[in-house]
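Chains here go by letter, A, B, C, D, E, F, G and H, matching the order in which they are written, and residues are numbered from 1 within each.
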Amino acid sequence: MTHFDDLGYARPDTGREARLGLPEVVYGPGKTVEQVIGVVRSLLAGNDGPVLVTRITPEDAAEVVAAVEGGGYDPVARLLVWRPAPPRDFRVVVASAGTSDWPVAAEAAAVATAIGLPVRELRDVGVAGVHRLLAETETLAAADVVIAVAGMEGALPSVIGGLVGCPVIAVPTSVGYGAVFEGVTPLLAMLSSCAAGVVVVNIDSGFGAAIAAHRMALRAAQRVAR
Amino acid sequence: MTHFDDLGYARPDTGREARLGLPEVVYGPGKTVEQVIGVVRSLLAGNDGPVLVTRITPEDAAEVVAAVEGGGYDPVARLLVWRPAPPRDFRVVVASAGTSDWPVAAEAAAVATAIGLPVRELRDVGVAGVHRLLAETETLAAADVVIAVAGMEGALPSVIGGLVGCPVIAVPTSVGYGAVFEGVTPLLAMLSSCAAGVVVVNIDSGFGAAIAAHRMALRAAQRVAR
Amino acid sequence: MTHFDDLGYARPDTGREARLGLPEVVYGPGKTVEQVIGVVRSLLAGNDGPVLVTRITPEDAAEVVAAVEGGGYDPVARLLVWRPAPPRDFRVVVASAGTSDWPVAAEAAAVATAIGLPVRELRDVGVAGVHRLLAETETLAAADVVIAVAGMEGALPSVIGGLVGCPVIAVPTSVGYGAVFEGVTPLLAMLSSCAAGVVVVNIDSGFGAAIAAHRMALRAAQRVAR
Amino acid sequence: MTHFDDLGYARPDTGREARLGLPEVVYGPGKTVEQVIGVVRSLLAGNDGPVLVTRITPEDAAEVVAAVEGGGYDPVARLLVWRPAPPRDFRVVVASAGTSDWPVAAEAAAVATAIGLPVRELRDVGVAGVHRLLAETETLAAADVVIAVAGMEGALPSVIGGLVGCPVIAVPTSVGYGAVFEGVTPLLAMLSSCAAGVVVVNIDSGFGAAIAAHRMALRAAQRVAR
Amino acid sequence: MTHFDDLGYARPDTGREARLGLPEVVYGPGKTVEQVIGVVRSLLAGNDGPVLVTRITPEDAAEVVAAVEGGGYDPVARLLVWRPAPPRDFRVVVASAGTSDWPVAAEAAAVATAIGLPVRELRDVGVAGVHRLLAETETLAAADVVIAVAGMEGALPSVIGGLVGCPVIAVPTSVGYGAVFEGVTPLLAMLSSCAAGVVVVNIDSGFGAAIAAHRMALRAAQRVAR
Amino acid sequence: MTHFDDLGYARPDTGREARLGLPEVVYGPGKTVEQVIGVVRSLLAGNDGPVLVTRITPEDAAEVVAAVEGGGYDPVARLLVWRPAPPRDFRVVVASAGTSDWPVAAEAAAVATAIGLPVRELRDVGVAGVHRLLAETETLAAADVVIAVAGMEGALPSVIGGLVGCPVIAVPTSVGYGAVFEGVTPLLAMLSSCAAGVVVVNIDSGFGAAIAAHRMALRAAQRVAR
Amino acid sequence: MTHFDDLGYARPDTGREARLGLPEVVYGPGKTVEQVIGVVRSLLAGNDGPVLVTRITPEDAAEVVAAVEGGGYDPVARLLVWRPAPPRDFRVVVASAGTSDWPVAAEAAAVATAIGLPVRELRDVGVAGVHRLLAETETLAAADVVIAVAGMEGALPSVIGGLVGCPVIAVPTSVGYGAVFEGVTPLLAMLSSCAAGVVVVNIDSGFGAAIAAHRMALRAAQRVAR
Amino acid sequence: MTHFDDLGYARPDTGREARLGLPEVVYGPGKTVEQVIGVVRSLLAGNDGPVLVTRITPEDAAEVVAAVEGGGYDPVARLLVWRPAPPRDFRVVVASAGTSDWPVAAEAAAVATAIGLPVRELRDVGVAGVHRLLAETETLAAADVVIAVAGMEGALPSVIGGLVGCPVIAVPTSVGYGAVFEGVTPLLAMLSSCAAGVVVVNIDSGFGAAIAAHRMALRAAQRVAR
């Protein structure tokens, strides 16, 4: 479980799949195309599961896909995927406050789908028209986890957290201007939520929320298995 | 309209009542009891309307009341009042998210009442149990202005702002800990509200909200009169 | 009052006009042109009043107007408008501190005009030459609401708030450099105003100020009607 | 599911147990002893499960327990509990970086225990002597969720997140001085964790972490049941 | 000009009087009474001009005065003075926005007086009643320097800076609450002043403003002399 | 002294020259070329002294100069000047810490020169090689005012303030990276200077420092005249 | 090298002496007296070198010393020491800017002495009288490392860093007020130092600086030995 | 030792090599190519050792190299070098957490190499797969100094600091997004490290870390020599 490659510029952690149930995911920014290609090849060779590169530009993604066949690219989520996983028995709802929050929600949804977590999307259910959210109470109640994505004042996870008993993962986005401070305001609001037990990931990190959901799904499956 | 006294240590703005429809209000902190007494006497002599001292401790208030008769003290709102105004035709709803927010809401309610604005209170209607707020839709709809008081993530004004068309004055409170940063988080959240047209006052400033309501009531009365 | 469309990528809140006296306003950034077009069509169909898109670029605006006829674009305010409302009986004064603050003041003025609030503009009345503002005392006294727009130290609303009894909505702008911190300084200064009852909206949010004025105007009209 | 009491000063959300699987928890600060007593009585009457008051001082707790029998107080966790729940089949590991972090970890452990989640504690396993943590790999591997509590640089959740596949809830503490900024530094560090899928709650919020664990346990039980 | 004593715990800079026209001033906080006594004795022996200790408590001041005769203490300014200087030909106006700002203004006035700068005080001339300031235009015009002291939004120096051509030294105070952030807001506002050429000193630093005035007075005298 | 023009988009304060001894200076950013031209023409017509536009780009400056003859442009200082003033009897030393700070120092020097204040420049005298500064002690001693310009840790004004008795105006620059925070660090350091009586202007505001020097020079001249 | 005790509430890292050349040091705050006693006993038993407790109050220290004989307490440094180490061949100079900075410098000196690093102290050598520092050039040149302690603008390490070639460890202190922000300003200034290669530790962390010096001394001795 | 050139725009500190064992290093940003050329020529003429220009763009570097022969450019480190020093007996390990951190680590490595410090690189040894770091224990143990480079939560120096006794210089990078705040989070985390004696340099300052290593190497050599 502590294997790794040594490529000189990187040490792909090939033991991670055994420890965490998922191969290491490649963070795109700051790496050259050559480095991404090398790491992806190492991970494909050293693991069985899905291999992902996040936050990669269309131009770089095209070069990588040309070099390593089998990769699919989602331009909204900026995600590259090889060997997507088959769907598991775990229901993820991705709820987003405004249409402008969608790129972040899309990353959450695309990563979740790629690693085998079926996703149901609820878009534009922000609290300034709270009846739009209340109309989806049944969908929310059926979820194994809700990923709640919001910018501006970031109130959506608080309202959802008061409606459902399942885990709620709050994702602040950098949508808005001025006092939103590029996502700091919804981040702090979500951490200060009056709805108990809401958990939070980094600003714009749809990726982090999806992996948190994976951790829950993995453990749930292991519990059923034991 | 530009009259003022000169007490040496202070220049009570006795022209303010003519300009703003309300005598100058005395901010208690940082003033000695003697200074408060002097300013209150000047304002009582130079104006006709209610005279208020905000954020004054019970001990100081007792000394001032002993020196200047006719004053009443509200220990929750920390407010001293002489010559409270008769009720005007203007309906203020003060809604607060949690029981712990009440001292701030109480200041808003006490100041509003003292200056002649009738108040209807809705306490503990925070968004983690949004049905408690939705049960008060009629009360909200009848308001001429809603003062929405909340700490933590400060989401209450956003939800109310989506329910009613009247002005919504958001008051962030310092209730909470950690990422609440003594009210900074609800302050920023309220400024970033996705409910259009919500306006905001300083942290814990129930006073500021009540005076903002006064400005609306004053203008409404002047409009009716013209 | 809780109707909404479901376009998949958005849920236009067509019940908002009944609740708030104004259709939902579209926030442009982060939406594709196709999404803007879809939402505008939904709002035009589901409401009677004016439909607005804020902060949209000239290029995107041109595409939208080509697809949905009847729209007018104001390039300074970056505002798209369909079906502007007829003037109501409510006097808005938009006062701005410097010539460089005008784009923000222009958004306030354009939105207010589009939703039927007549506007009187006072430009370049900053406090470093306070006689320029004092020369307009009569104009200010006749206002039903003053929208005070300022960057840098943001002192204008404090001075105006001491001159008039009507509501004063302060709009901080990001004009200035260094210690202005892109509008944070005037924002905090306005929240800390020694002029009682000044209310504040987000940095550069001429839009928010105009809608706040709408809330006051709506309620004033409802009061006259009852 | 939308029932609530109205005590005037508070509206206990008695429907919350049905919605969230746990009665509303009372946040102690800012409430008078009388208010706490009233809310606790309402919750005991309107729910079946455990009733908790968090962050209450020993003095206030003694008064409340004298008035409402059956309550137990934990002075380290500052927690009052009535009707603790029987243990469920869900393994919580609470790992803390330093001895000084224990009060926060203790709140997580006490709340978890009170609501029926069995806890295994690992204290003083900070990263400056990482062998102390690595010696507990088996304990960590058996967990259904790990609550990782750390102040200062807040690195513990990152290391744990790389060792285990189950959910990791990071709790920053205000332990440390200077550049720790009362917990802001570990909070930001945890949100920025290079270990994917770590989720974060508010500074010093052992309570929030325990309720997040409850949400996972509740959903796991519901999944088994379906 | 580079002489100094070496007391072990301190090195009084006895050459400073020759370089700067004024002996070193002792900053009280963080020093023991014994250390203050030792430094004062060294400075009295090594210089001819006034010796000052700032921000010293009444209790410590009493001990120091008992040990070093000739010292006078001002409890509002928290200032200890030996050998005050005779008045020079230089007119300082200390203007303060509110009565609560007076302790800071008092430090400026007391230090200035002690070092030989005659002071004219204007208290409570804040911008929310700007006519109070405009009534003092002649006093301001006669000043060689204006020290403008204000908390909250800190607008006073901007207005004064637009009225007079002499130097304006802005002193932010920590008066106010919430968004005032203990003086940060007026500090930033003063640095962002739209009145050109306003200079700023540290929060609550009446001392710094007085010494800045000394620098101007010293140079003015030297210019006359040459 | 309270005259002003009204151009609609701007109100040039033509009374400012009488009040402050210098015409209003035009801040370039955020104004159209047409607006700059209009304001400059108004100021040239309504005043006798120098007319300046700050922070204007070479492109805009060329257009303005083409429209309003007699203007000279300094591309390093980004300054446009008409009718520069003849030299007055006042010695300004502009000292800068590093070569990279020069653009800010250049603005101070260019503005000072344009308004008639003779300037002596000391470049690259930063504290990491303090002998370079000590070699200029005589130049510093002859100054009527020192403008000390520094980025990074901003220590230069502290060292100079300990060497000379004349006024020291500190100008923080945004030179540096990381913990310099675009000038915030030298700004705060200068405000916290242990050298008494150092005054500070906004980040990168060579302009503000030059006008502060003007205020001192003006008053010095008026004192000599009386 | 990976041994540790398990006391339940703490895991003293008894392998640290072998790895780092020094036993683990106990951080006092947040631990009970009983916990401190237990950890100290464990460390004394499991190591050969000096055992230290930092930032412990006189009251707690007295209790600990009564329980574990051989301990010595320094009240200025707030340091408890057992088995101080004999002096090594390594010269530490602790230079502090002001008398008020001494408590922090004292912690550095006391810890260094306790672990066998001889210390030479230079107090009150701040940059506002830079000749006091320049008079000590020889002392500085003989140092193996300089620990430079300063609050306010934190300029001392920059000047020292330009004078000597040995390592310079900068320690910001919380001395000062207002814009010093409890040590944030000197911290940022030191990180931004224009003197290359200055390294920084946490605010008020005389302890951290002493241990950093230990690391240098340890390695120097190992190099000589090989 | 206090020699310097005076080029007008710069004063190259040619005495620095005698004082610090290394010529002044040129900071590229904010200087024109002509200025860089002039300073480099002055330093080559006035010193014997290596001459470096940091953070210079490829375009500017090419111009400088064309004008001053003998220069070599490293595009990843953005470093220009003349007369690199021969290797000294001092072992520097540069460890970096992620592949994306490499440009900063590369600057540390390139500067160290240029000034004669042999470098061993360990890349991609971040704490989310801590076994990758533990596999290099021997390399770390042989180091005279470790430069630990990390973005995001910046935990790497804490873990290394617990493994080795030699000096550890922490370099925060701006790698990451959202709550990383361009390197502020790892900066604060490193300053708050629970591993005693870790020292920190500015964000992204591989340069600063290399010069700090130089100071240690220089002193170590001087100690051997005496």
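Just so it is clear, a contact is a pair of C-beta atoms (placed from the backbone, for glycine too) under 8 Å apart; a residue touches a chain by one contact, two chains touch by 3 or more.
The model shown is predicted, which means the values in this text are computed figures rather than measured ones.
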{"item": "Co-neighbours of chain F and chain E - touch as defined", "value": "C, G"}
{"item": "Chain hops separating chain G from chain C, counting only touching neighbours", "value": "2"}
{"item": "Most distant chain from chain A by Cα centroid", "value": "E"}
{"item": "Inter-chain centre distance, chain E versus chain G - centres from mean C-alpha coordinates, in Å", "value": "36"}
{"item": "Distance from chain H to chain G - Cα centre to Cα centre, in angstrom", "value": "25"}
{"item": "Gap in Å, rounded to a whole number, between the CA centres of chain F and chain B", "value": "44"}
{"item": "Multi-partner residues of chain G (at least 2 other chains)", "value": "16, 98, 128-129, 162-163, 178-180, 187, 191-192, 196, 202-203"}
{"item": "Touch relationships between chains, expressed as pairs", "value": "A-B, A-C, A-D, A-H, B-C, B-D, B-E, C-E, C-F, D-G, D-H, E-F, E-G, F-G, F-H, G-H"}
{"item": "Of all residues in chain H, those that touch chain F in their complex", "value": "2, 4, 8-11, 13, 15-16, 24, 27, 29-31, 35, 39, 172, 174, 183, 187, 202-205"}
{"item": "In the complex, chain B residues that touch chain C", "value": "16, 19-22, 25, 144-145, 162-169, 187, 191-192, 196-203, 207-208, 210-216, 218-220, 223-224"}
{"item": "Chain C contact footprint on chain A (complex, rising order)", "value": "98-103, 123-125, 128-129, 131-132, 135, 175, 177-180"}
{"item": "Interface residues, chain F side, partner chain G - complex", "value": "97-98, 126-130, 134, 152-155, 158-159, 161-163, 176, 178-181, 184-186, 188-196"}
